[in-house]
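Each structure below is given as structure tokens.
Shared chain: subunit A. Partners: subunit B in the first complex, subunit C in the second.
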Partner chain A sequence: MSRFTVEYPTTAEETTRLLEAETVIVGGGTLTVPALVRGELTAHRVLDLGRLGIDRITADGTGIHLGAMVSYQQLITSELITTRLPLLHRMASGITGGIQIRNQGTVGGAACAARPNSDVPAVLTALRTVLSLSSRSGTRRVPAGEFFLGAGRGDLRPGEFLSGLAIDVLPPQWTTGYYKLKFAESSWPVVTAACVLGPAGSPDPGEVVLGAVADTPLRIVLEGVERAEVEHAVADRVAALPEHRRWSDVRAGSGYRTRVCAEIACRAVRRALAARGESR
Partner chain B sequence: MPGKTQRWPKTDGFAYAGGTVTYLDDLRPPGLLHMAVVRSTRAGARLSTVDLSEAKRVPGVVRTLDGREAALHLNPIPYAMGDPELVGARRDRLLALAVDEVRYAGEPIAVVVAESPRAARAGASAASAAYEDLPDRGPDLLAGNEFRRGDPDTALASAPQRFEVTFSIDRSTSAPLEPRGYVAGWDERAGRLTVHAAHQQPFLLRAELAEVFGLAETAIRVVVPPVGGSFGLKMAGQPEEPLVCLMSMLCRRPVKWIESRAECFLAGAREQVHRVQAGFDRDGRVVAFRDEITIPVGAGSATPGWRQAYVSAATLPTAYAVPHVAISAKVLTTPLPPWQSCRGYGKETAVLVMERTMDLVARHTGLDPVEVRRRNLITPESMPYRMPSGYLVDSGDFPALLDKALRAADYRQSGAGSAEGLDGVGLAFEVTPEGGGHASGPLDGRQATSALPEAATVRLEPDGQIVVLSGVTNPGGGNDTSLAGLAAAELGVSRDRVTVVQGDTDRCPPGTGNASSRGTAVGGAAVVLAARDLAGALCKAAAAHEGVPAEEVSLRDGRVQLPHRVLGLDELSRVVDRDALSVTRTYRPETLRGPHETTAYRHSYPYFSSGAYVARVRVDPATGVVRVLALTAVHDCGRVIDEVLVEGQLQGAIAMGVGLALSESSLFDDDGTARSRSFKEYLIPRANDLPSFHIGHHETPAPGTLLGAKGAGEAGVGGALAAVANAVDNALAGHGAVVMTVPLTPPRVLDLLYRPGVRR
Partner chain C sequence: MTDLPITLRLNGEDVAATVDADATVVDVLRESFGVTGVRAGCRNGDCGTCTALVDGLCVKTCLQLPGRIDGAEVRTLEHLGTEDDPHPVQQAFLECYSFQCGFCLPGMTFAASALLEHIPDPTDEEIRDALSGNLCRCTGYQNFVRGVRRAGQIRRDDAG
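And then the complex of A and B:
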């Protein structure tokens, strides 16, 4: 339990200046605020990004830009996201929690928390999201595939904060599918799979990114979309995981995740195939 | 509940649903201080020192207290709900704060009182303690309970078929919406203690505090504001109860303690291992049942939680007439937080064990599980039926109940696979001993027990309104609505003219609060008696006043009906002697005897509700996830006083049973540290996890209660738990799997499906 002050910066400059001292950043606060209240997280200064104005969804010629404070509810209701990034829309629609949580929780906050058993890391990785990390020395752009370093560890350096995320819209005829295994409505995800498929017959069939199997999202390049091909690709990738990288938590051990992850990947692939009108 | 639309089905329903109820935590008297509890981080260790110096330095902290100082002020906490010896248990000396030794991680070792909840928590976090290792003593025997009938050894040895199986049940909890909480105010000048408590048993709490502080009961007032669910957790005997009062005395200001969700999750119960042997013939008739039970109840406690272990054993073999029975239960104290009472109160685990046993008998004999049950159920002709423990099943028509549930569920054996998964159907028959009286058996020179009474005062106010003061309390389920309806019916007024006052030891007549599903069946009977007497007195007074024969006067439509005119109740109240306007009556359920019985038994649970449950599930064979597709229940709570409220109780109980079957488990690290600290670690089912339940009734009046009513509240937990477990077993039967453990989490289900060496 600690006593702390809360700062509400309104500009990026002010934010980076405040970040020079040791600070806990609060995005939506669905994780940090309860942890602060319970005394599980200690802080002298808390930086609340809620007044920074980085909660917009915009589009340019190639992609979509999300402010780091875009909430799950915005992802659900945004026409841009629904039509152009259906994977992100689908992921947000399945977030555990009522309307308050969906309005409060942010995609940027979830990325920075880098929890293996959450929806966001694997989906951002599958969408080849680029994260903008701002500091006094400028903005560093890091692909999601490189950002997640371990359980609860994102590549966020001292003095940096996540200001936005950029996602290229997939080319025409590319489709996506998402499947989340959880044990009850209130459960954290146990295994997730986000699938991005190229057009039928493409030499590059696509890939699946598994969440909550390892401490970071597990990208698996597919050689084909037949069930056996997907299972084989997942089995090979998971077998190569060192023991210390396998994820285990109160819901299930790593053995269970290893057993079910190929099936979860297949279900995500099946949904991506269904999106292009195929059923397997 | 199609077709049962009812205007104002629950008196305070909108207040609860709309968030305008004044809960305990909404009480903020002037000068209020806040208490936080410092808890042990070790289990089974010597407590060398408790250092509160840093806590005292936290801004806002007003007072701290460790176990040594507390022991100067507080007597040990008395056992709630009777002597431990009643149920064959060891008596311990139970203190509010640990001194010298800690038994479990989470045990209170000090308290901190501060100007704000936050400062109190900060103070508690700043406290530290030093521990020394103690030799691992292992579990201690708290109680041994044995119940026997016939010659089980010979019957088992000579049974045409038999099996042995071990069932295990995880620890789980009650998880009410509102955790525990108390506000204590000590009036130094008047020498009076007022305690507001989110509580089930205000009179018992008053008695406990009187003993702990050496005060007269008349010096203590306990008031219970509207409660957000209890499920057993809010019974008396908790250490924080005297502590918050003591801190108010020491600080001379009111002090509040609100349990955090993580603290609430320390509570738990139901963990049991049953080693069952069943002997039966080829027709599925069970001739012998032996169950050696091990029940770890956590650390010793003054709350009645650990007594559930006795009830589990004494409730076996539930609804079945088994001629040869041996039940042997070892109740052990362990280095985990103490058991707290949990809805079902031990009966739900007995139901699970017996229903799994019946399904296994069906599997061994190749008979339909329905048929096996039909051949073993206690018949209506043998009621009242004495169980091996001495519990007396008062009433019920179990075969008819079973048939009704099967029809309602369109029961068919399943076990087949579908494109979506493995489908299963499960059946369970539940009996729930209720009404208070967990200690059982022939008197045989042992301490006798008697039925506890409930009391009610019914009063006519000058404005013609009716006030009911009851000794039973309302955990939020709505028994106040039932009590109002019962009084209204006797007095010929509409329910909205009746105000029910509960949970105030200064205003209400004494009672047991809410426990053992007796609020309406017993508390309601007291209300009816008092209201009936009041109605008679009012008619008599009106007759005397008007000079007409009393038999020509009646109460109807909110008025006094006289031969030639009507009189408003307000008018009557002005002309009648004040003493005639208020009646208090006490009611206690009858102690029944079995037919032709010569042995004298203790008074035990005076009525048994019963129920038959059918669950349909679908198991995902790739992930082990179980989805409950349908759940049908037909319940016999005797006379249904208020159908909507009875079904409300069942809805919650069935949901809890499904949770226990599939996901609810209180987890601890090897060192005894709780891992279940929030609803993310402890998964209770949400609405989307559950189907709409189909609920029906079958009324067999209780012979031992005035209204013929039995209980509603505990029933449903065991029935749903067992039906879902049996349904999963049915779904997996083709894989040779046997369900022996709950909850059936997906990893466990996969382990069952794909055991080494078993063909897929």
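And then the complex of A and C:
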């Protein structure tokens, strides 16, 4: 006998109607389905978004719109993403799990899961992504910097589902870099860093967003791009983190993450500098 | 209602069954349709031995609920090649002694095949990356890397 029923809505209206009752949402399935199988997630009703058709990548005048079910593999193969959002392309190319997981895992699912050690939250925050959260009462648009509330906790209210993500393309001469530390090919990241830099000589040099150092992405505004300046900015920001917000898991404790995160940030900055033709 | 009727094209044949809605696709393929070219390993998306092609995409079927294959075209390892006419990846894995027990072959074979569809002449780094979602406890992976390299060569030779 089945432990839960599964609905496969085909429209946004049907989805929001079904969400009026307590429901577990399955996106790509890579996190939710095993958790349901193991009984870590319990539900009487599951909503599988696989037939909803929200898996398109489109462009308008200023930005790119991703359906919430866009897979990592789509981000890798899309010409639009490769040329206009290289940070997202770079992040997707390094997702752990090989071809199968990249075909199945979705950027929207990773955002909703809000795992501190996932690649996605820090990158979406660095790109100032806006998430569209749809419900029967309409669509709420929330910047990624405000969406991630804690470990495993996104600002997704009862009755809402993530329908899409909007990202403005960076102005000309802005560059990005991504770097992550992990201990094995099949491991989740230990620390990630996503860097966005303004043009050389800009009074606003840019910023780095660290993942897996705190329970939510950690945005660090840079005063300069020299190594010492980056290290100093990271050290200041991390020192100000209260103990309860520092992230630890089976791969590394918070002390280790604190020690290595400045180096990871520097490497992301170095890649962003390389993208504008500078080496440091 | 917890039963789910599904129809699909499985390894070239139209099939139908009523399955548990909360089953995973790997179990549906094995138990409702008798297909053993997908295997139940970790059930966590790590080992890759439940891999099949669903509508042409290489996926881990332990991560899918059965409605995902309703109306779909599914190919499992049984349908990739034959003993007399193996797929280039299968031929190469045999030539290079890539595997021993064969438990990991669904994932290794389909991941390699998908890689070569996208990148006909991959680097070793690209091969290792493509295979990274599959666990093998027999061979230490080196011969799989050689096998994929060889499969690429066979494909290029066949293409003339």
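The definition used in the following text is that the second predicted complex is superposed on the first by the 278 of 280 C-alpha atoms of A that agree within 3 Å, B and C clash if a C-alpha of one lies under 4 Å from a C-alpha of the other, contacts with A are read in each partner's own complex, and residues count from 1 in each chain.
Throughout what follows, a residue touches a chain if its C-beta (ideal position, glycine included) is under 8 Å from a C-beta of that chain, and two chains touch if they have at least 3 such contacts.
Model, not experiment: these values are computed from the prediction.
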Looking at the overlay, what does A:Val260 touch: subunit B (first), subunit C (second), both, or neither? first
Is A:Ile99 touching anything from subunit B or subunit C once the two structures are fitted on A? First, second, both or neither. second
Figure out whether A:Ala252 sits in contact with subunit B (first) or subunit C (second), or with both, or with neither. first
For A:Arg3, is the partner it touches subunit B (first), subunit C (second), both, or none of the two (neither)? both
Could you figure out whether subunit B or subunit C reaches more residues of subunit A? C
Which of the two partners, first being subunit B and second being subunit C, lies in contact with A:Leu36: first, second, both, or neither? second
Considering only touches as defined above, state whether A:Glu185 meets subunit B (first), subunit C (second), both or neither. both
Identify the partner contact of A:Thr58: answer first if only subunit B is touched, second if only subunit C is, both if each is, neither if none is. neither
Which partner does A:Ser137 reach: the first (subunit B), the second (subunit C), both, or neither? neither
Between subunit B (first) and subunit C (second), which does A:Thr83 come into contact with in this model arrangement: first, second, both, or neither? neither
Contacts of subunit A common to subunit B and subunit C in the A-superposed view 1-3, 38, 185-186
Flag every residue of subunit B that touches subunit A in the complex, lowest number first. 59, 118, 121-122, 124-126, 260, 262, 622-625, 662-663, 667, 675-676, 679-681, 683-689, 745-747, 750
If you look only at subunit A, which of its residues touch subunit C in the complex? 1-6, 8, 26, 28-30, 33-34, 36-38, 46, 48, 50-51, 77, 96-101, 103-104, 185-186
For subunit A, which residues are in contact with subunit B within the complex? 1-3, 38-39, 181, 183-188, 190, 250, 252-253, 255-256, 259-260, 263-264
Residues of subunit C that touch subunit A when the two form their complex: 1-4, 20-24, 43-46, 48, 51, 57-60, 62-65, 67-68, 107, 110-111, 114-115, 118, 128-135
